[in-house]
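Below you will find the structure I want to go over with you.
When the chains are written out, they are named A, B, C, D and E in that same order, and each has its own residue count from 1.
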Amino acid sequence: MKLGKVVGTVVSTRKDEKIEGLRLYLVQDLSLDMKEKDSFVVAADAMNAGVGEIVLYASGSSARQTKATDGRPIDAVIMAIVDTVDNQGALVYDKYTAG
Amino acid sequence: MKLGKVVGTVVSTRKDEKIEGLRLYLVQDLSLDMKEKDSFVVAADAMNAGVGEIVLYASGSSARQTKATDGRPIDAVIMAIVDTVDNQGALVYDKYTAG
Amino acid sequence: MKLGKVVGTVVSTRKDEKIEGLRLYLVQDLSLDMKEKDSFVVAADAMNAGVGEIVLYASGSSARQTKATDGRPIDAVIMAIVDTVDNQGALVYDKYTAG
Amino acid sequence: MKLGKVVGTVVSTRKDEKIEGLRLYLVQDLSLDMKEKDSFVVAADAMNAGVGEIVLYASGSSARQTKATDGRPIDAVIMAIVDTVDNQGALVYDKYTAG
Amino acid sequence: MKLGKVVGTVVSTRKDEKIEGLRLYLVQDLSLDMKEKDSFVVAADAMNAGVGEIVLYASGSSARQTKATDGRPIDAVIMAIVDTVDNQGALVYDKYTAG
């Protein structure tokens, strides 16, 4: 999985019938020190995530293993909202004290 | 999924029988600020997209989850036409006011 | 799919039994302006392509969706010979007039 | 597979029900000379690995081939703890003498 | 598939039960002119390859299509030993005259 930050929304009315009802988020990748990188993905939301939240997303066929995405043409899914990240024993992210 | 812009068409008469009838588009990747990047993909069109449109495409096995691409040797499919993209609360793309 | 140019051949006598009989081509990736890039792949040939031809290849599990590659340890397959590519309304490649 | 070093932990309480009970590790990629690279992944732990250990992780659908990850939205799994790595005849890593 | 050179071995005693008995090789990627690149992969050996040999490896789910790797958490497999590579009509590698 990758660590990302939900930064926006993609809206589409003309879309494959199988993705009806799925929210599609713009998710920016994070570096190890929790900074936004240039790379990003558009991920389906299986977690009722909100803009600004730090999340994990899964890619490829694994993105179709949630109830929300099973059998759909979805190659990235938000499957967890992150509470904390620690790196080398230091707490580098804590949802409850962040921003 | 990735955000892309349909910029052209690839035509092939000698092709695997399973991809007969599929339109193949040249889709250029977009950055977070909606600029064309150097990278691109050739994607099957499951949405009757047109040249110039901003789309989402799915890659890998997920690209075979539309009716148009099921069971075919297709690793990228356009599965949505984008109406709007917002990033950090700002509308960075709107189909109806764009260029 | 990706646009590539067939530039050579890889020959192997000691190989997995499931890939017996498949021709393996060296395929160099092309940029949007149809220039050869440094990156390349070794792809199975499902199309009787020839050295020098511009082709499309599919990667990953989609590479196993042709008759020639079904169930085989093949992660890239040439599944179309390209006739023409147009980009922004300009014909950037035409098989019948190309070098 | 890729060689990585377990450097931290990601904790999530709001997550897809299918990943309940899985430990999620921050795994930094290693170069051929066993130095930490900037790239990393969040991988499920199928091996009771510990922070600081050198591991192998598998990605994509292969990450769902362990008992711990079968059918789950997991695209990276730690499936081996590394004892030794040799490169060109030189022992470049030995778990029992390292750090 | 990718062209690689077997440069070393990874040994693990604590590993997923499904990968017992598989040899794991350090395989360095090669450029089009057959030079070693910085990138590498750890691949299962389905071919009794030896250190120093030039091989092809398949990645992703295709890496599970050999008898040795079927159903296992393996995302890269050596599935051919390369005899010769020609590029633009020139023989750039020949196993029997190489180094």
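Please note the rule applied: contacts are C-beta pairs under 8 Å (C-beta built on N, C-alpha and C of every residue); 3 or more make two chains touch, one makes a residue touch a chain.
Treat the numbers as computed from the prediction; the structure is a model and nothing was measured.
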For the identical-sequence pair subunit A and subunit E, what's the CA-based rotation angle in degrees, nearest 5? 145
Indicate the whole-number Å distance between the mean C-alpha point of subunit C and the mean C-alpha point of subunit D. 33
Cα centroid separation between subunit A and subunit B, in whole Å? 20
Contacts with 2+ other chains: residues of subunit A: 60-61, 63-64
Beginning at subunit A with subunit B second, the chains that make up the ring follow as A, B, C, E, D
Can you name the residues of subunit A that touch subunit B in the complex? 7-16, 18-19, 24, 26, 28, 38, 40-43, 51, 60-61, 63-64, 71-76
Residue set of subunit E touching subunit C in the complex reads 1-3, 31-32, 46-47, 56, 58-63, 65-66, 69, 77, 79-89, 92
